[in-house]
Structure formats: structure tokens, C-alpha cells
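So, here come the structures, one by one.
Two complexes follow with chain A in common, the first pairing it with chain B and the second with chain C.
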Partner chain A sequence: MEYNWLLILIPGLPLLGAALIAAGAQGRWNRSFLAALGCTAVFLAFVATVLVRLQYNAAAPFGSVHMPLWSWGVDGVGLGLLGDSISTWFALVVTGVGFLIHLYSAAYMADDPSYPRFFAKLNFFIFAMSVLVLADGFVGMLIGWANVGVASYLLIGFWHARPAAAAAAKKAYWVNTVGEIGLILGAIVMLQHFGSLYFADVLPQAWFAPQNVLNAVALLLLAGAVAKSAQLPLHVWLPDAMQGPTPVSALIHAATMVTAGVYLVVRAYPIFEAAPWGLPAVALVGIGSVLFGALAALGQNDIKRVLAFSTMSQVGYMMLGAGVGAYSAALFHFATHAFFKALLFLGAGVVIHRFGGEQDIRKMGGLGKSHPFAYWTFLIGTLALVGLPPLAGFYSKDAIVVGALMAGRPWLWALAVVGAGLTAFYMMRLFALVFTGDSPEVAAFQRGEGARQAAAAAEAGVGRSRPVPPLKMVPLVVLTLLSIVGGFFAMPDLSGVPGAAEGARLAAPPAHEAAVAGRVLTESSAATLTIALLLAVSVIGGGLALQRFGPKRAPQTAESGFVKAAGAGFYFDDFYRAVFVRPLRATAGFVGDVTEPHVIDGAVNGVARLAATLSGAVRRVQSGYVRRYALALMAGVAVVLIYFVLMV
Partner chain B sequence: MPVDGSLRLILPEIIVAGTGLLALTAGLVSRRSRLPGFVSMLGLAAAAYFLLAEVAGETTQIWSGTVLVDGFSTLFKAVFLGIAALIALVSFDYIERNGLPAGEFHLLVLLATVGMMFMAGSLNLITIYIGLECLALASYALTGMLRGSAKSTEASLKYILIGAISSGVILFGMSLVFGVAGSVHLAEINAALAGGTPMLPVLLAGMVFLVAGLGVKMAAVPFHMWAPDVYHGAPAPVAAFLITASEAAAFAAALRIFLVGLPAIQEHWTTVFVALAVITMTFGNVTAIVQTNMRRMLAYSAVAQAGYVMVGLAVASERAVSAMIYYLIAYAFATIGAFAVVILLGRYHPAEDIADYRGLGRRAPLLALTLTVFMLSFIGIPPTAGFFGKFYLFQSAVAAGMPWLALIMVLNSMVSIPYYWGVVQTMYLREGETDAPLPAPAGVRWTAAIGLAATLILGLFPDQVVQLVSAVQVVPALLSGGL
Partner chain C sequence: MLLSALLFIPLLGGLLVAFFPKERTREIKSFALIVSLIPLALVLAVWRQLDFSLPGIQLLERAEWIPSLGITYQLGVDGISFPLIAVAAVVLPLAILASFNIEHRVKEFFVWMLVLQTGIYGVFLALDYFLFFIFFEVSLVPMYFIIGIWGGERREYAAMKFFIYTLVGSAIMLVGILALYFGSGLEPRTFDVLVLAEQANLSPTLQWWVFLAFFAGFAVKVPIFPFHTWLPDAHVEAPTGGSMILAGVLLKMGTYGFFRFMLPTFPDAAKAFSPVLATLGIIGIVYGALAAMAQKDVKKMVAYSSVSHMGYVVLGLAAMTPMALNGAMFVNVSHGLISPLFFFMVGNVIYERTGTRMMDQMGGVFSSAPLVGAVTAFTAFANLGLPGLAGFPGEFFTFAGAFPVFTAFVIIGALGLAVTAGYHLWMMQRVLMGQPVALAVQKDLVGREVLVAAPLMALVLLLGVLPGIALNLFNEPLAVLAARLGGM
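Our next item is the complex of A and B:
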């Protein structure tokens, strides 16, 4: 492992930026300067990441870059930074896309009175996320994990005056705490069993650990991953998290933070692979989330909630990829998804601003004519997500679905293909509703609701074709290009990551290679079949959506029961409310009304009375009379002496 | 006394003593009351330089075994010098404001320091006793220095009386041990007892008196009763000095006496120290909760903290000893830092009630933040030094097969949360009568800053510090062969 101090700059500069901006906001520094400071910090962090990646490339395939930071005098517990195939891959996306979204925010949030506060929090997030992905052990990962949770809480609740935003922030935090507890318990089990929490110590040993330990650790880690990545069944916080500003949704709740669970699974893959229940559980969570997210997205009418459920579904693909052993494909899809989902969210931001804050896609339409720039960028993002060749999503999603087949999991493969069809349907529905047809003003006019409404809309500045400011345009263009060419990047591989060498040395070949050998399919025929099927279902799904919601859409009819259920996220929130929230509230109420006054207060008062009695007794001894002090001293000696006389 | 190279080994002590006389002279010559303080700090720096540059690394006994120089003594001496320097730094303003005689103040602090250095730097019971008396006599005078204050005078008188009793008790214990073992040198006592313990009852009585006498200095319950009065009544810098340095010196002496001299009866003194540790920490914490006065709260907190340190003495493994030393260092910095804030507040609110800290978060944001860190360290919250101190003690107790002792420690830490955290809440959540900023003199600011830096550095790099600390051994290497 090679030493490189540049590693510390990756989390260090954004942290410094956050501190400076926070201080500067107190000192009422110039807003634009503070925003520039935030962007610069992240940009420099990105440059540092590129340099580290270059050094890693030089050291690859079996080298890595390392920088120890702290140890706490307990064996195996410490903090350091590690640059290897997985971590630099993640860090590149985190800082790169992070920088673009910082730029976008500089324009998007320009009118907000708390502009500097926003950048301080955004920088803090980049810091926390880089610690998460660059840590060289589970300790550092946990520190990053907890801090991204805090950053997410702060940013979802950025407009804390809105009750919905404050509630969403709290919800996200609670759900993530559930996952964090799983992660901490997993770390404790690992420390007990492996005597260390460094990846380099734990992961190579994982191949040889007892199965029950591995199962426990894998499931506990998965709980953390599921909560952070908004996977079934802990996904409920993600749609609500869309209460945060749109750049936050793009960066944290689409491109980076929600993929932390994928990072965790890929990073700890020796544990998941060696644990009998590990990979199947991951794959199950993944495919469940793919289908659930896609179905729920069908019924959403809020543009950002559609994208949120879509994120859940796409992260599900990544989990599925990891769960069938196609780790490289999962990492690859993480990167391409970061590009096109960030693009879609930023595009959604443009759309929302265009409609004066309106987020209901049923009230939108016709944006294609007035806003060609938004139209084309959004279209490319949509097609990349749907997986149309040669756009980025095509390659990465294909790799995952092919991986499922190669791993000998035909039913996972089939469901993944179905998911792709659903994806095409909900994305084209979104696109068609927003960009095709008539603009709401025209529609209102045609319905004869008359000039009054149109005038009101015009007065609000809605619908006027304002040029997109360059600060917004640059990130959109860059992300569009990345969504187009991202598929041509080389897939990351896992050689040289902790535990990989030991895994490769094991006699039994891993599942993803073994399953193929005896079966009918060769890799190329599997790929051909998959590509053909995926294209077919995507075209069918997209076509159906266009037909139904396109320019010649039928007038809105009453929603079917299914659509209603999908719109409500299949009542998961109601379920949790009934099973956890209400009983907890009731318990709290019971404690507050009944237990507290009678039982706890009674006990507390009892203790207080006891303490008063005791201190009265003490006061008599601690009277200030030296003779009593001396008496106590000698009495103490006497007691000990008597003890020894009696006992020895 | 042979005047050879051996004199060089106690050069730090000689420098400190000489500096005391210089400081006294400076106080007589110059009307500027700051001069003695500077002289004292310079002298301490010089002593520290000689200690670390010349003496460190040596392990020798000189003068027929009356003085020992080894890693353990050097480490403790360095700690004492550091504490004395911080006390000098923090008391500049205090001395001026209260009209204390600066020369005498610094002289007494330095003489007490010399006493402590001999307590840590000998295996000879007589030398240890003389060091202890040197420390004690200086402490009595320091405690009574606020001539106008009845509290101070009363505390001083009480301290003298209890101190005299404790000296008698210690001497009695030493003479009993001498009677059994036939020597006042700890290594020889060890050798005499190695083959078996004749006259066990007499020896045990001697041990009990030694525990009690040192227990007075450590403020172990039930020998602690002087402590709240003295820590409350003495001038604030003196209280900080006694809580940190004097207590540490008592522990250093106890480590030597029991681990080097009396390992033959370890099972017996372990029992006593376990009981004392539990009683002391519990009593200190429970009593601290009801205090409304900051100084009294810190006094009982000091009692409780002594109880935690005693866990190390009860466990008495190598690991426990390094944990104790780490804890004493961590606790010293946080205490002196906290006292810096107490001294500042005392200037405006002489009553020193906890209620006077209302609104400090606004009046002196940086100092309030610093005090918060110290309180967190007292409770033992990571990443402050206090956490790792407790953690290492805890670990050593578990490793020694006393998990229940560790559990009692943890429970005690939880009991202590309300009174430490109460100060923080008072500072930030309760409105003060005024929002007027509190300007802090440079000495106070620097002391608080050093305390803060040390608390955080010890907490962030505990590993390195523990490695440094665990390199020293209570039983010096040159003896272990001959024992």
C-alpha cells in the first residue's frame, strides 16, 4: 500500500469549506463569495480524488493508496483513509457530481435568504460522504455513515419553517437510526469475532469464519444498507425526503448517499459471499425494491416523488447486481445512475421553477415547445434511465441483468426484465405529461376557464421562457454528456480490494462463474438474449406510456384502485403508522399520563427524600467540626483493622 | 554526601527549590507582583529541560538508595512541573486581585513541588515521608493565604489538624512495616517478605495505617472530610493545585509503596482499595449532585475522580498503572482548565455559585465552550481525554477479572452526568442577569486553552500517549533482577 497525503484533502477540504462558510455566514460575508468558496472546496477535493485515482491506477491491479489517521489504543479500532478500486470510484462520483450540483445550486438557491447556510451543509455532506467511502475500516465508515445521516437531516429540513420538511427530516433520521443500530451491532459482532474493524483484517478472514457469525453480520449490515439506500421495507423516508431543495434531492437522495448501502455491500462482499444467507438476502431486497419502486412510481403525480421511487427502483438494481455477485456491474450502474438521475433531478428543478413551484405533473404540459433545452436534456436523461443504447444506462443495467442470468437465477432475471418494462412506462409517462401536449395555460383556455386564470399565471411570471442561467446550464450539459458517454467507461474491477485475493485463492469458484459452466447459456448468448428482451420490453413499456399520456392523451378519468394504491406507496406509511408510530405514541402517552406521575415521580421523589435524609446524616458528620473529621478518619482505620482481625 | 555525578540526577529538584528562593527574593525586590510568577515559570521550564534532557532515560539509585531516578519518577516529575507551571500561569491575575504576597505564593508552590518530586522519586520510606511533609506543610500555608477570608483560614487550620493526624498515621504504619521487615527501603522490604510474611497481623496493621494516611492525601472516603472544606476555602489556584498535583503525588507514592514494597500481601491491600474505590466514587458522585456551589461541586467531583483512579490501584496490573497515569494527566489538565474559568467567574461573582454561570454561553462563548469540553471529559464522553482514561481503567479492571468493578465505574459515570451536564445547561440554556461580555485576563485564557488542547489531543491520540506512559514501570528494572 502506498502512502498518499492527498487522501486527507478529499474529506478535509469540504469540511474546511463548511467551517469557513459557517463562520463567514456569521460574519455576513458576501454571499456569492461564500458560494464560490463552497464550489471551490469541492472542486479541489475532486482534483485530489483524480490524483489519488491516478496513483491508484499506477499501483493497480493489486495496489492501493492508504493514509492512517488515528488509532485509539484498542487493537483493531482506528481511522484511516484507503484509496482502492471501490473507494476511489465512489469518491470520483461523489466529488465530481457533487461539484456540478454545487454549481447548479449557486444559481438555483440564489434567492434563498439562507444561501450560505445551504452551502455549508452541502459541503458538510461531501465531507461526510467522502469519509464514508474512503474509510479503511468499519469505524471510519460508521463515522461517515452517521454524519451523512446528519447532513441528510439538515438538508431535508433546510426549509425548516415548513412543517412537512421538518417532519420529513425527522422521519429520514429515525429510519436511518434503525439501520445504524444494525450497522453498529454488526460492527460489534465483527470486533468480537475478528478482533479488528479494519477492512484489511476483517474481510480476508471472512472467508473462513463460522457461518452463523457471517449470517448475523451480513444481515445486520444489510439492515444498515437497506435503511440508507431506501430499499424495501425501510424505503418510506425517501419520497418524503423530496421536501428538501431539489439540488439536495439530486445529490444526496439520488446520486450519492442512497447508494451508500450498495457501497457497503460491495465493500463487505467477502462477508456477504461467504455467509449462506448473505447474497440471497441482498438479491431479494434488490429485486423487491426494483419492482416496488417501479410500481409505486406509476401512481405518483409529484414529479420529484416519481423520481424518488425511481431512485429506489434503480438502487434496487444495484443491490440486485451485488446480490448476484455482479459487483462491477453494481458499481458501474451506481456511476451511470448518478449521472442521469442527477440530470433528471436538476432538469426537474428547471421544470419546477418554470411552473412557479408547481410539482404536480398532471398540471404540466407542453414544455417541449417553449423550453427546448430542458426538453432535450430531460429526454436524454429519461432514455438513459430507460436503458436505450447507446446511452449510459443501457450498458450498466444490461450488465446487472445479464449477471443475474449468469449467476443461475433465472427468476431474478425475469423479474428484472419486467422491472425494465415498468421503468420505461413510468419514465415515459412522466416525460410525456411534462413535455408534450398543451401547456396548462393553453389547456385552461381551451377548457374555457378563461382569461382570468391565464392572466394570473402570466402575472406570476409562469410560462415565460426565461433563458436558463449558465450556472445551471453547465452542470446540465456536463451531466447530459456523461449520460451519453458514461456507458463507454471501463467497468471497475475488484482486484486488490481487501479480501479479494483470499477469495480468489479459495478452491470453490464463486457463484457467478460456477453457475454458468454446466448450463445451456454461454455468456454471449445470455447477453444477446437479455439485450433483445430488455429492448423489447422497454420499447413496449415506453410506447404504451406515450400512447396513453402523450400529446393525444385522453382526458383524466377516475384513478383505478391500483393506481391509487401505487400513489399511496402501497400503504407502507399507514402500516408503519399503525404498527410502530401509534403504539409508540400511545406508550409515550401512557408513560406521560399514568406512569410518570405515579411511578417514576414517586421513585424520583423517594430517591430525593432518601438523598435528603442521607445528606442530613452526612451533614451531621460533615459538620465542620475537625474533631468529627478526625473521628471519621480513625473510625475508617478501625473498621478496616477490625475487618482484618476478623477475616485473616 | 558524595559530590559526584549523582548530584546531577536531582538537579531538577535543586533548580525548583532554588527558583523558589529566587521568586521570594523577586517578590521582595520588585513591587510588580508579576515578577515572581515569571521567575517561577522560567525556573520550572529550566527544571523540566534538565529533567527531560539530562535525567530522562536513566535508572539509578543514589545515596544509599534514598533517591531513585527512573522512568516512573521522571514521568511523574514532569507532570508535577507541568502542573506547577500551569498554576503559576493561571494565578497571575488572581494574586493581584486578592493582594496575595506573590513571592511567598510561588515559593510555597515550588516547595510543594519539590516535596512531590521526592515522593515519586524514591524507594525509601523516610524520603517519601519527608517529601510528603514538605508538600503538606507548604499546602497548609497555601490554603490559608487569603488572610481576609475566614473560610480560607478555617480550611487551613482544619487541613493542618487532619494533616498532622495523617502524618502520624503514616509514620506509625511505616514503623510497623519496618518492625516486621527490618528495613525502610521498599526493595529490601519486598525481599524480606518474599520468603513468607512473619507477624502478619502487625504487617497488616502497618498496611492499614499506610492506606489511611495516603488515603487522606488522595481524599479517599472516609479520609476525605478535609477535602471539600479545603478545596472550597483555599485560594482557587491552590485548590486546583491540591486536587491535581497533590493527589497525583499521593498516588505515585502509593503505587511505589504497595507495588514495590508490599506485593507479598497484595490480596489484602487489593481488598481494601477495591472497597475504598467503590465507596469513594459513589460517595463523591452522590454528594456532588446536590451541590449548588461550583467549588464544592468540583471538590466532591475530585473525590469521585480519586475513586476512579483508585480502581487502578485496586487492579494493580501493568495496564492498570498506565491507565492510572493517563487518567491523572487527563484529569489534571481538565481540572486546571476548569479552574481557570472558575477563577475568572470568581472575580465577578465571589460566591462562586453554579447559578452564576447562567448565560456564560453568551458572555464568554469561547470559555463556555472550553468549560463544556472539560465537563464532557469529566463525564467521560469521547473524544475527550476523560473517556479514554475511564475506558483504559475499565479495560484493566475487566482484564483483571473484576468486571463488576468496571460496572460500578460505569454506573458511577452515569450518576455523574447530571451535575456536570447541569453546569453546561446553566451556561447555555439559562438566561443570565446580564449579557455583558466577560473579559478574561491572558493567564486565564492561556491556561484554559492549554487545558483544552491537552484534553483534545489526549483524546484524539490516546494511543501514542498510552504507549509513552506504559513504557514506565513502577518496579524499576534495576531492582527486578535482585528482588
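Our next item is the complex of A and C:
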């Protein structure tokens, strides 16, 4: 407990880094130095996280590392930091993967004129995300929650002169505001009912609270989680968020920030478990997002948008895990997904640079021959995501799917298996289109197009034989290794988190058995069945994709109606524009153009005109004799006063 | 003596400025700034002397003035007035600093700015209705001239509208004050605010009428929907220094009137009126936000956002629970810091550089002037209530405190946050992002502008992380007030 101040360093160092870099950028300091500063701050935060985790391990299973900070002047509301099983698990991934992506960015963004600004914002994100996961109450979490939103806004809009980036940034923040309204109202209900917003006060009491309160809180918190984690139906911002630089997509919009919703559900699990509607709603959102994301990914042609919908789908698995009570499995999948999805995005960055900024996978191909390093790292990431043993995704995803069966929800289980098949299909499609077949130059040549076009295509692919620079290579290698061995890490458990002891004292709900389902994976027949099925659908899905989009792919034909709809994200954007955005704008326009000038001010002017006709004095005022009017009023007052004084 | 010094030093300074030669504009500006900084130093001294664990008035300064009419010169502070005085003491010098680019009739301008300050401090310090009313009116006249002489194109219309609105409101309030004076049943009669709050024995009917008369005066000042239409015009036309004071300080006179006079003196009428007040508050929040969203003029957008934010204060006042009152008071403070910063950025920085207030003619500030863009974005996020900055705690505690009383309104108000976020985001998209346009902001912030923005930004950040600093000032008096109102 003596070293609990180390907790402050985890958000503190990146915040300091962000401030220094911002100041340094203003003072035109050396760019490489500022980038190094950003990387160092996050690395030190990672070291601090490891030290906190070691302290926690010493205190586990029932202890935690706590650092109270400031009261907000109202009982039960204030800030502090808490290192326990859940928060240190998240913080390790946030700072660890965060550091790797900082390194990668140092190379990837090297040519950008706003290089220092990028690191300031990236450091700010690590700060906010650390606050989100380490806060010891809902207020601190809300501060982190909102500020990762700001970081996301600033980084999606990093190339702010581009109209598409500006629009995407606005959309992401706005959708998340809708979610935040849920969080704020949830916090208000909790404050009223529990008299506190600290986890240690609220969560143990949750088991004994009235059901309607719990239902309300659970659904309100879920609204926040759904928005931040890009789950159905508030997922619409995530594909657009790919307007941000690729390292941002890797860190914020794949590995860490979008899992904040999962963090919230697992952190507040006593509420979700005690609320009758809590877990079913979470599971429903989860499975819906698994299938929706996977289907939409099928129709995408932008490499980053495929990965974005894949993220939605994979976070859906985490939500599903939490929703069936398999919290450990959900946390586990968060970590493995962070490894392989960050790997895939960073790999996509290499691919995009190789093709001279092109992101359309239909215009790619044949990268395997010229770029074996990119080929192998991307392949391992893909297979880890598909869930092939012994790669990381196999263990974590299977633990979730088995958890669904163990929780007695065969329908969710079956749909989750279907989702795995779709996952294999869209990922292998992506992989095959980018890495197999002929390169665009060769393809152009074979199509018999003139030598000029072939030369132009070759021009676009300049540097294809240039080796990947070490700053990019190291993170890719480390993430590849983590994607391979990540499945052998010990699954986190929830003993010692706020509310767990009280929950355990109650009759252990079936969900708790599901939580350990991962460990008994190979012992139970249900698990064996699940594994066999998952492998089968993955092989079938992946095989079909390879056959269709692999080296012997058929010439491209017109897209079917379904693929078109999937490509358009099943028209959610159009729906929201028609149902929310346009009516809101119209209402505002009505207020601004009609009500305000004509109704309210009109009434005021009417009164003034009426007065003017009744009184010459007022007319003089309106022609500018205001001082005289003031004097007259004061005189009138004086007369009234004197009258009263004399009369009384 | 401390409070009297605080009160009259700006007036004295204003009189001294009148003796400066007209052409010595630099000296006039510097002198005005120094004079306006003295109250800030005195406020710090007052802070050290106050005990915020006590609910009552402290540092009382009292002298007989017109004994035959029961009029006294009486000043004092407590945890309700002190935060507003402190905000004024911060914002007023910064408004003067922001006005250093005034080149037209410089001497007069700074005389009015200093006279205005005495009016403002007087409103928050006076504990005698007669004295209060004088300051309430005194604060009106300088602002009329500041808008009317140094304002934009439609300055005369705006100044007149502002003046007539406020004057009509305060005239009705004056009738209320007189009715309270004569109807209190106290012998001898008195204008003493504290005595009247404690001992006035008004008949229920009279209490109602007096309450409504006060409401007329303060509702215009806040402004409460639908008495707000003077505000966008006044803000748009006022010079930046004037807008800063108007939004940061003058509006708070209205809500202060509720805290200091109306709720303690007419608790029964206030309770009976509270559903109406809450309804007007929630309409103000949502309607103000919608109107802000409709604006093409960025200064007008900020003006309507003030209408929306003052709606929170009104909702909190109507709910009357300790937490809601705390939240309302906190919004007073936070809006008192954020809105001057916002007006400074859009008025003094962006408008002065581009010559336009129309958002569709702006663009690309992030690219052409990064610091201007960063500070404007910071302000916008603070204003939309980002947790971690000062806009959030007040909103949160207002909603949390009002939730048990006006549950449906709080839900509507929370949904209104989406509109609030929407117009800020849209503004940033149009003004800050995109390609720099022909009228782009070319020059980044200069030293003087940094000096105006930095203190406000620091306080906005500080109060966002540690709202307890402010809440602990007024926790105790508001708890007493809530108990008097029979709240929870």
C-alpha cells in the first residue's frame, strides 16, 4: 500500500508528456526529440502499471491498490485511483499496446508536418484512457470517458483540413454524447439511490437494491457502453472514424477505447447481474453486433473499414461474454483482440503505404511475393482473429462461446458460432485480395493495358522493395508474438473487485460457473463440441473466401444487392439522418427563423408599439431620449416614495 | 472598511480617469487595468477573513444613512455572494485588458467600465434594498453607453432594447420593494434585507404579488425565457469587453436576486411558484440550445448558449434541494468564467481578425492559427459541459439535485445535452476545421490575448477537476437556505 502513489504516474506521465510536447511544438523544438518524449512518457507509464500490477498481485486475491485524491465537495462524489484485477488488466494493455503504437507512429507519421501535435494528442489519449480504467468511482470514470472522446475527436480530425475527417470527428463525438447522456443519467440515479458514486460504496449495495432502480441504471449505463464500443445501434461513427491516421485506428478505434464499454459492464457487473434486464440486454447487444459487424464487413472494400466492422463484431463477442456472465473471458478477449487487431491495423498501415495511399482492396494484390514480412505478420493476425489454435484468439473467443452454452443460452451460442464462420470468411477475403494473386502492376500488364498505365501503377508502388523500418518492425514483431502466445496468459478473475465479495456471499449465480468455463475448456463435452464446431465453421468460411478471392479468383462481377447493402452498412446512416439529424436541424431552424424573431420578439415589439401609441413618452424613448426617460423614471420613483412617506 | 474599499475604488478610479488628458490613451488603459486589479487583491483578503463553515453574513459594514426612512448603508458577504464577487474580480480586469484595442473615445470608455464595476460590486454587496436598487440601476447605465457607443452596426437598437427591457423589469421590481417595505408589518419600517428576510410578515396574497414583482426584475436580467430576446442583440452588438462582463457578471445579478432576496424572503411564494420556474428553466435550456443551433452568427450562437446555460440555474433554483442549489450556484460561477472566455475568443480574436461573424464565411482556423483554434476548441468543450472542465459539475449537480423533484424535466434537460454538443461541434467544424478561407484568421494569439485567456482557462480547468473549491464556499449557506425552503 505504501507505493499507491505510483497509480498517479500512469495517467500523470502521459499528461505531462502531452503538455510538454504541445509547448515544445509551439517553441519549434526538434521533432524527433518530441516524438521520443511522447514514447518515453508512455513507456514509463507502462513501467508504473507493471509495478502497480505487482503490488496488486501481492495484495490479491482480496486486496487492491487505492489512491484517494479529492472530494468534489458533495458526499460520495470525488476522484481517486484504484488498481485492482480489472483496472490493472486494462491499464497494462492500454499502456503496453499504447507504447508499441507510439513507436510505430514515430516512423509512420514521420513525413507529416504536424508530427509533434500527433504525439501530444496520442499522449493525451493514454492519459484519458488511464483515468477511465483506473478511476475509483463513476465520476472519475466519466471524466476519462469523456476525454477519450475528446482525444478520439481530435485524432479522427487530425487532418482537420479534410472535410471528410472533420465530419467524421463531429459524428463520433456526437454519437458518444448520446451515450454519455445515458451515463450521466445513470450516475444521477445511482447518486440518488446509493448516496455515493464510488465503486466501493455503490457496487456492494447493488445486490440489494430495488429491481426497477437496477434496471434503469443498467440500461442507462449500457447506452453509454454501446456508444463508446460502437455496438448496435450506435455503431455508425466507427467506420467513419477510419478517417484518422492508421495508428489512431489501431490504438483508439480497435485496441483500447472502443473496449471501454466492455470495461464498464464488467466493472459494474454487480448492477448488471442484479438487474433482471441487465445481462440479457448486454448479451443481446453483443450478439447483434457480432453478426451485424461481420455481415457489414463482407461488403466493405476499404481495408480499414473491413477492420472497423470487424472490431465492432469482435467487441460484440466481448459484450456477449459479459452478457452471459463470462466476465473473465470477456476481459481475456479484450486483451488478445488488442494484440491481433492492433497488429492488423499496423499491418494495414504498411499495406496502405506500399500502395501509395490506396485503401481499396479490390485494387490490391500480390503483396505476399514482394513483402514476406507484411505477409506473415498479417497472416498471423488474421488467423488469430479467426481463432485458429494455438493462436491467441482461439482461447479467448472459445471461452466466450462456451460461456454462452454454460450459461444455458443455446441460441446465443449457435449465433456466436455462425458469427465465427462469417468472421473467417471476411478476414480471409481481405487477406486473399491484398496478399495473393497478382500485383496491380502485373494485373494491368496482363489486361493488356498500355505500358504507360503499367508504368504509372509501378510508380504508385514506389518503394515496394524498401524494407520496413525498424521502428515499424519492432511493434509488429512484438504484437505478432503476443498474438501467438497471448492465449497462454492466465485469465483474469474478479475476486477482490468492488462488489465481488458481497456477490459471492449470495447464492452463486450460474454466471459464476460460466466465468470459470474457460479453464475447464477441454474437460467438458460442451466445450469439445463448441471447439469442433468453431473450427469447422472457420475452416469452411475461410476456405470459401480463399476459393473465391484467392489467387485463382474469378474476374469481378457486379455486386449483389446484399453485398451492396452490407457495403452501405445496411443504411443506418440514412436512417439516422432522416429520423434524427434532419428533424433536429429543422426544429432548430424553426426556432431560429420563426419562433424567436416573430413570435417572442414579435410579441415584445407588439407590446412596445402598443405602449407607443398609448404614451408619447415612450415614443420619445424610442427615438433616443433614453437619459430623459431614466431621469423621468427616477423622478417618478421619488414622487411615489415621498407620497408614501408623507401619507404614512 | 474592506468591503467599502472594494466597492468604491473602481468609482474613484473612474473619476480620476476623467482628469486624464484625452490623448494619453495608453496611460488611461494601464491605469484602468491597475485600478480594476485592486478589487481582486481585496477579494483575496476577504477570502482569508471569511469562515465558510458559517452560513450567515460576515464582515458586515453598517452605517445609518436616512434613518427616518429606515435606509441604511449596509454591506456584507457570505458564501453566496462571495463566489460571484470573486468571479467579477477576475473577469472585470480581463475585460478591461481585452478592451485595450479600443481606439475610439478611449477615455469615456474606460470611465464607464470603471463606474460599471462599482455598480456590479454594489449589487453583490448591498444588504439594504434601497442601496441595492441604486447599484442595480447604476450598473445599467454604463452598459447602455458601452453598447450604444462602442458597439457594432445595430448598436443603438441593441442598447435601447437592453435598456428598456431591464428598466421596465426593475421598475416593476421597485414597486415590489416598496410594497415589501410598506407591507412588512415591521415598526419602524426598514429596507434592511436581512431583517426583512427574517421578520417580514406579509399576507400570502401580498407575498405573491411582491414575489412576482421581484421576478419581473430578475427574470429579465437572468434572462429567463421568454424575457430573453434583448440578450442576443445586446451581446452581438456589444464590444467584446462589454460582452464579457454582460455574460460573465451581469446575468448573474439576476440569479443572485433569487438566491439572496426571493427565496429567503418569500419562501412560500417561491415554493408555490417553483413548478412554473422549473418549466421556464427547462424551456430555456432546450429552446436556447435549439436557437443557438440555428444561428449563423457565431457571437449570437454563444449568446443563445448563455440563455440555455442560465436555464440550468433556473431549474436548480426551482428544485430547491441542497444539491440542486449547489449545482445552480456552481453554474453561476462556471458560466461566469467560460462565457467571457468564449466571447473573448469569438469576439475579440476571431471577429477582429476576420471582420465577419458569419460561420459560413469562416474556416480552417486550426490550420492558419493553431493557438486560436486550440483555445477556441477548449472553450467550446468547456461550454458543452465536458467532464473534467468547469462546465460539467454544475450541470451534473443541478440535474442530480433536481432529479427527485422534477424527474421528467431532468431527463428532457439531459437529452438537451445532445443539442448542446451538436451546435458546438457544428461550430467547430465550420470555423476551426476545413481549409482556411479567404477571410481566414491569419495571426495567431499575441501576448495580451494570451494574458486574457490563460487565467480563465486555468480556472476553468481547476474548477473542473476540483469543484470542491467552489462548492465548499456555498455549501453551508445553501444548506440553510434549502432547510428554510423545506427542501430535502
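FYI, the second predicted complex is superposed on the first by the 574 of 648 C-alpha atoms of A that agree within 3 Å, B and C clash if a C-alpha of one lies under 4 Å from a C-alpha of the other, contacts with A are read in each partner's own complex, and residues count from 1 in each chain.
One rule holds in what follows: a residue touches a chain if its C-beta (ideal position, glycine included) is under 8 Å from a C-beta of that chain, and two chains touch if they have at least 3 such contacts.
It should be emphasised that the depicted structure is a prediction, and the values quoted were computed from it without experimental measurement.
Of the two partners, chain B and chain C, it is C that touches more residues of chain A.
Of the two partner chains placed around the shared chain by superposition, chain C is the only one that A:Trp145 touches, whereas chain B remains out of contact. When the shared chain is aligned, chain B and chain C each come close enough to touch A:Trp70. When the two complexes are overlaid on their common chain A, residue A:Ala167 makes contact with chain C while staying clear of chain B. Using the contact criterion defined above for the overlaid structures, shared-chain residue A:Ala501 touches neither chain B nor chain C, since it reaches no partner. Residue contacts after overlaying the shared chain place A:Ile181 against chain C, while chain B stays out of touching range.
In the superposition on chain A, the residues of chain A touched by chain B in one structure and by chain C in the other are 70-74, 78, 621-622, 624, 626, 629-630, 633-634, 637, 640-641, 644-645, 648.
By the touch rule above, chain A contacts chain C in their complex via residues 26, 70-74, 78-79, 117, 139, 142-143, 145-147, 150, 157, 160-161, 163, 165-167, 169-170, 173-174, 177-178, 180-181, 184-185, 187-189, 191-192, 584-585, 587-589, 591-593, 595-596, 600-601, 603-604, 608, 621-622, 624, 626, 629-630, 633-634, 637, 640-641, 644-645, 648. Those residues of chain B whose C-beta lies close enough to touch chain A in the complex are 154, 157-158, 161-162, 165-166, 169, 200-201, 204-205, 208-209, 211-212, 215-216, 222-223, 225-226, 228-229, 268, 272, 286-287, 289-290, 388, 391-392, 395, 460-463, 466-467.
By the touch criterion stated above, chain C contacts chain A in their complex at residues 69, 137, 141, 144, 156, 160, 163-164, 167, 171, 174, 178, 182, 226, 228-229, 287, 290-291, 293-295, 323, 326, 364, 366-367, 370-371, 381, 386-388, 392-393, 396-397, 399-400, 403-404, 410-411, 414-415, 417-419, 421-423, 425-426, 428-429, 432-436, 465-472, 475.
Of all residues in chain A, only 70-74, 78, 611, 614-615, 618, 621-622, 624, 626, 628-630, 632-637, 640-641, 644-645, 648 touch chain B in the complex they form.
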